[in-house]
Amino acid sequence: MFSNRMNILYLIVAGFLAVLPFVYDSRSMLILLSQVFIFAVLAMSYDILLGYTGIVSFGHAMFFGIGAYTVGVFMKRFEPETSYFLLAVLVTILLTAVVSYFVGLLTLRLKSHFYAMLTMAFAGLFLVLAEKWRTVTYGNDGFTFRVPDFLKDRTDFYLICLGSMVIVFILLKRFTNSPLGRVLQAIRENEQRTESLGYSVLHYKVIASVVSGVIAGIAGILYAVSLRFVNTSVFTMDITLDALLMTIIGGVGTLVGAIIGAGIIEFSHHWLTELAKVHWIFERWIIFFGIIYILAVMFFPMGIVGSLQKLKFRKKKKTSIPVESEAVSQGDS
Amino acid sequence: MDVLINLSLNGLATGMLIFLLAAGLTLIFGLMDVLNFAHGGLFAWGAYSGIWIYTSTGSFFIGIIGAILTGMILGIVTERWIIKPVYGNHVQQILITLGLMLVLSEMLKVVWGPNQISAVTPDYLSGSWEFGGIIIIKYRVFIIAVGFAVFLAVQYLLKKTKIGLVVRAGVMNKEMVQSLGVNIQRVFMFVFMIGAGMAALGGMLLGPYSGVIYADMGMEFAILAFIVVVIGGMGSFTGSVMAAILVGLSGSFMAYYVPDLALAANMLLMAVVLIFRPQGLFGTKG
Amino acid sequence: GSGTEKSGGTEGKEGNDEPKNTEPIKIGVLASQTGGLEAYGKQTLRGFELGLEYATDGTNEVAGRKIEFIIEDTETKPEVAVQKATKLLEEDEVDFLVGSSSSGDTLAVLPLAEEYEKIMIVEPAVADSITGSEFNKYIFRTARNSSQDAVAGAAAIAKDGVKIATLAPDYSFGRDGVAAFKEAAEKLGAEVVHEEYADPAATDFTSNIQKIIDQKPDYLFVVWAGANSPWNQIADMKVQEKGIKISTGAPDIAALATMEPLVGMEGFTVYYHDLPQNDINKWLVDEHKKRFNGELPDLFTPGGMTAAMAIVEALKKTEGDTDSQKLIKTMEGMSFDTPKGQMTFREEDHQALQSLYAIKLEKKDGVDYPVPVLIRELSPEETAPPIRN
Amino acid sequence: MTAIIETKDLSITFGGHTAVDSVSISVPHNHFKSIIGPNGAGKTTFFNLLSGQLMPTNGQVMYKGSEITKLSPTKRTRAGIGRSFQITNVFPNLTVMENVRLAVQSHEGVRFQMLRHFRSFNKFEEKAEEWLKLVLLDDKKDALARNLAHGEKRKLEIAMLLALNTEVLLLDEPTAGMSLEEVPAILEVIRKIKQRGDRTIILIEHKMDMIMDLSDSIMVLFNGALLADGTPKDIMKNEMVQSAYLGGLHSEHAAEA
Amino acid sequence: MSTLLKLDQVETFIGQYHILQGISFEVPKGEVTVLLGRNGAGKTTTLRTIMGLNPAAKGSVLFKGEEIKSLPTFTIANKGIGYVPEDQGIFAGLTVEENIKVAVKKENEETLQRLEWILDLFPDLKKFWKKPGGLLSGGQKQMLSIARAYVNDNELLLIDEPSKGLAPIVVEKVMESIQQMKDKTTIILVEQNFMMASTIGDSFYIIDDGRTVSNGSMNLLREDEEMRRKYLGIA
């Protein structure tokens, strides 16, 4: 696993992040970073769909929301104890797996935009369900809940989020580099050809959908726990768009890109709002936020990681032999 | 009976309004295959500029013209600077147009302030006629008429000129149309401009319909427009009209007969259509 | 958590042992400065600033301690609200929280007030659950809640034998509002014959209105918020011509402009700048105009002012002591002056009981929107909502 | 000799146009059969029916005695029917190596392995490299498939088919667009496979010399229907074939040969 | 005879790859010039460079004496240059009719006549007039691609491997059609089918590794076995 320079770099960064709370005691920085980790998990799960299987989903919030509500309802209805929390995690995994399986079966036969819109419809139905099932969800206002003790301390929770992100990253790295992961990339490139190589495409897509759904559910759990509050916003398009943006800004099909994307979006958001207090120009900081997206596309057309990889590659092989490494698919492994 | 007629009429009118909102997107997304998330921004700008011109000149008609022009200018600028570099790449389109969307809707607040703005119907279009139990709202009749006019005009443009063909060909293989002597960039810009103009028109007409315009109207209605384009079948203009009317009618009837599901009406409709007709109502298979 | 112990502990000591504390008192204000509720956020903030100034006679000092406030934008997103609130509590070590513009944001922040044991003044979020099921003892609300609105709405129109239909958006705000209204209206002898809930984002409300017309009620009571509204279509469907009177809460000025079709309707309001006749309000209106080139205070401006005044009043009573337990004791049952007359924090749920106003919308010369004209003031007792925590 | 592939009254109609019209053939084990016929005669469509890309409107496809008419392309590939495509059909953004490696992986039956690192399957890459050598493409193994010149893509297409190592090989104009110089090499590869004697090959080509050289039998499709099926010599003598397919120049050519 | 097109030391990069490293040739008006060479030699890239699809970085491309190296593709096309790409470039979702309609530059009598001539040449296209191009057979697509280039009154046609996928008899027809057009239209042909190339070609250029390495009249090549073996690997 730790065979090359890239992996050593990852290790250093992870190590740095792990000791950070003990040397730099800023709560809001911890919270911000926890937020980054949570969204990084969500974005990585999205990358499995977008970057590795080549499908755009507009309904990813569905799984995120299921995770968030499951843990919320469990903590509210029962006791905020570790055992119930673990039960909630288990139920989330089950629910997201089942839902992503069936939604996958129903939707994955559809072509690009139609698939995207159908997933959006399903996510929309979950949103309405959360709105209408008021006895459990308290409607769109949502509800607050308590969390088990081990999740209360911000530093501990920070470490848990970091740990989750690292584990998800390692698992997904393995997953995407496995023979199965390679077939997913083949599907992204040419679905029909994959089929005639003897791979049953739908099975693979459903597997991708389930893996991605379950991980999104876990991100949802962490998110709800971080707020100790859940409302219908977890099912909205905004969540899906966030995941989408983070994945794209970072570079699709790279996994690290998703993490970097989450960091960039959360931090530039943070800094821009801070600037808003400093100078009136930034009062409308959202404009600058939008400009960041636009500039990102112009200067990093393949996302930060994707474009950097290409650059690195160019330097290495400036030759007239038209040989190109798998910049798009192989990622950084 | 009266109820049925009322529901159908209002559903039809709402459908036509939705069609007006979606018509531009049918060109930009359906035909040119650009996932334009900034579409909502274009019609919010149409609404604001149109209503502003209307209230300052007092002429609804000039307001409409103003809105369309604003939309077209924005369309050209958008196409030139934002869309051109990302044709054919959905992933980049999503990111860059979402960025533009943020810029557009925040700029609205910079120019016109964060408050909602009321939009009134001109006198000659306000009020309603009543025949027995049937209420016919004048402004809705107007919307239906404009909807049909736009439909016919665009249909003419697509069927009687080569533009529709050239755009579709350009989307499939840009190099090849150019090799055939077509300045596809100019054609794309033109079609984008028309699409943006129609979006602006839709936004402008929405104002008096609901009586108010606000900066966030863009995203809200853009989703509706996307729904219409997709369930109509990508790029089919007839499909868009039908889908829009279907959305209007289903909203109207569900709100009356199954109010509990009214919130989910659009999503249910979309799910049902796509599960049973994965290519959309008027989409061609494959 | 560690944070709790640290801040809670030291604050307590300082408060008790050193009576002559001269450190500034810090207030963190959460409001929507961007996003959908931006306009409300701005009103609250202006009001708050004016309120501090008024309550401290321009010194911004109470019991020898300076008052500082830090504003944070929640962007109307719960996760941002939590981030910002934590920052205020942890880094700025504020003694009070005030906010916020949205019920969702506020609900998400409530547990933090409890965790850090700091008083939070809720303003202007309306959800009943804030002082209801989600209540904790650190929460005080100067804003009126949905139920108070509803009770006021009922008081304005409900009488023996009156048949009322309701129209509300199909989400918590609408559902809560109608439930409270129904309870209050029925108490007054009226009958709610039909409840209609509409998709708040709908383009077309005629189906809903059609159904209401079918029920032939005497009144149509509308609970509404948000820009997308049914007023135009209510007029187009000739509801009033059919003998159904409309009643609803008057919103802020920008939204009043869209209610042209409802001129003549009777309902209620939380505030309009010429309704409460008292010195504080007069000062508010004058100062506001002076400072913001002629603009009038709007729906939630007095709320912001009220929140500031409540805090200063409490601090005066504790002589600058910011110990939360002490403050809670002080504030429970505390009456204080506001631009809307005297308010009182109810002991049980810390909801401020306050006056609301039965009004009628009228056209006025020189004003380009329908103006709420006072019919009568509804006393705090009259509009007291049920206790639900 | 038993038949490995058989069709019975195989037909397919696209909205009124019958592209393949009641074709019944039988291909023995380890046979080399070529299909010729004018453009649009239904040759590729016939392949699509054999490989499962299309479902017939009528008739049956038998493989080793059992019916496979309703089987998906995936299942047929796994059962042992592999094909190459007339219009180059590869994974454009993957490397040449990865394209072939995927085929090897499928042949090895490694499908749902999701936690082991793909590089631990080193032998796949070695295998893939061998195939690439065979089709003279090993010097391009790290290039992205989309950057290949046309002829190179054709070679890749063949390598992928060979890597599947199926019992039946359906080759749809494998050498179209390949340079004069390299055709012989590819021919050699095909010839070798044929000589090994354990593969059944069906070939669609318009290059008559190649067909004459390799085929055990030739079938002729005309407007979807089977016009003739016989030895190369018989087919070349067929007047219909001469006038409607080969044309003047080629008749001379054929006569020469 | 005058020179219609002249390439002088053309170099083309695709991305950072130096694909064409010195292509020079002249195309006399009214002749068929054939480009030959191995797979990957750069024949297609040469045609794309002329069309402006992969613009030349160095050297010059003169069409009727005018430098067209840095003009946009559509302008080049509108100067009277038609192109049949090697991948046919069919608009899959458009019908045969629409594919041709997109190509037509002037809708006049002459065009109609040419269309009639084309449909006689390729009756299959007439038969499948309303069929989406993507559903045609491989050979039919090739015919459609050729038809699209023929339908306009072009001075110069760039044809990339027309015989690919065509039945022998159709190849013959295409050859005939090229002969018929010769008086009005000049042709650059990339062709692997030596029989076809040698029959209709007037002169040839051999490209290897992005350079023109040899040229001469077709007669010469037909007779010079040595040269054939050296550059084309055939006897």
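Think of it as A, B, C, D and E in the order they're written, each chain with its own count starting at 1.
Methods note: a contact is a pair of C-beta atoms (placed from the backbone, for glycine too) under 8 Å apart; a residue touches a chain by one contact, two chains touch by 3 or more.
All values reported here derive from a predicted model rather than from experimental measurement.
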Any chain that touches chain C and chain A: B
Distance in touch steps, counted as few as possible, from chain D out to chain E: 1
Intersection of the contact lists for chain A and chain E: B, D
Farthest chain (mean CA position) relative to chain D: C
Identity of the chain that, by mean CA position, is farthest from chain E: C
Chain B and chain D: spacing of chain centres that average the CA atoms, whole Å: 49
Between chain E and chain B, distance of the C-alpha-averaged centres to the nearest whole Å: 44
Rounded Å distance between chain C and chain E, as computed from the means of their C-alpha atoms: 76
Where chain D touches two or more other chains at once, by residue number: 147
Contacts with 2+ other chains: residues of chain C: 170
Junction residues of chain E, two or more chains touched: 14
Of all residues in chain A, those that touch chain C in their complex: 26-28, 31-32, 35, 131, 134, 138-144, 146, 152-155, 223, 226-229, 231, 233, 273, 276-277, 283-286
Touching residues (chain side chain C, partner chain A) in the complex: 1-3, 33-34, 71, 73, 75, 77-79, 82-83, 86-87, 90-91, 103-104, 107-108, 110-111, 127, 129, 133-134, 170-173, 175
Chain A-touching residues of chain D, taken from the complex the two chains share: 51, 53, 72-75, 77-78, 83, 85, 89-95, 98, 101-103, 105-107, 110-119, 121, 140, 142-144, 147, 160, 164
Chain E - residues contacting chain D, complex: 14, 37-41, 44, 86-87, 124, 128, 135-143, 161, 164-173, 192, 194-195, 232-234
Interfacial residue positions of chain B with respect to chain C in the complex: 3, 6-7, 10-11, 13-14, 17-18, 109, 114-118, 120-121, 127-128, 130, 135, 137, 139, 206, 208-214, 216-217, 220-221, 224, 248, 251-253, 255-256, 259, 262-263, 265
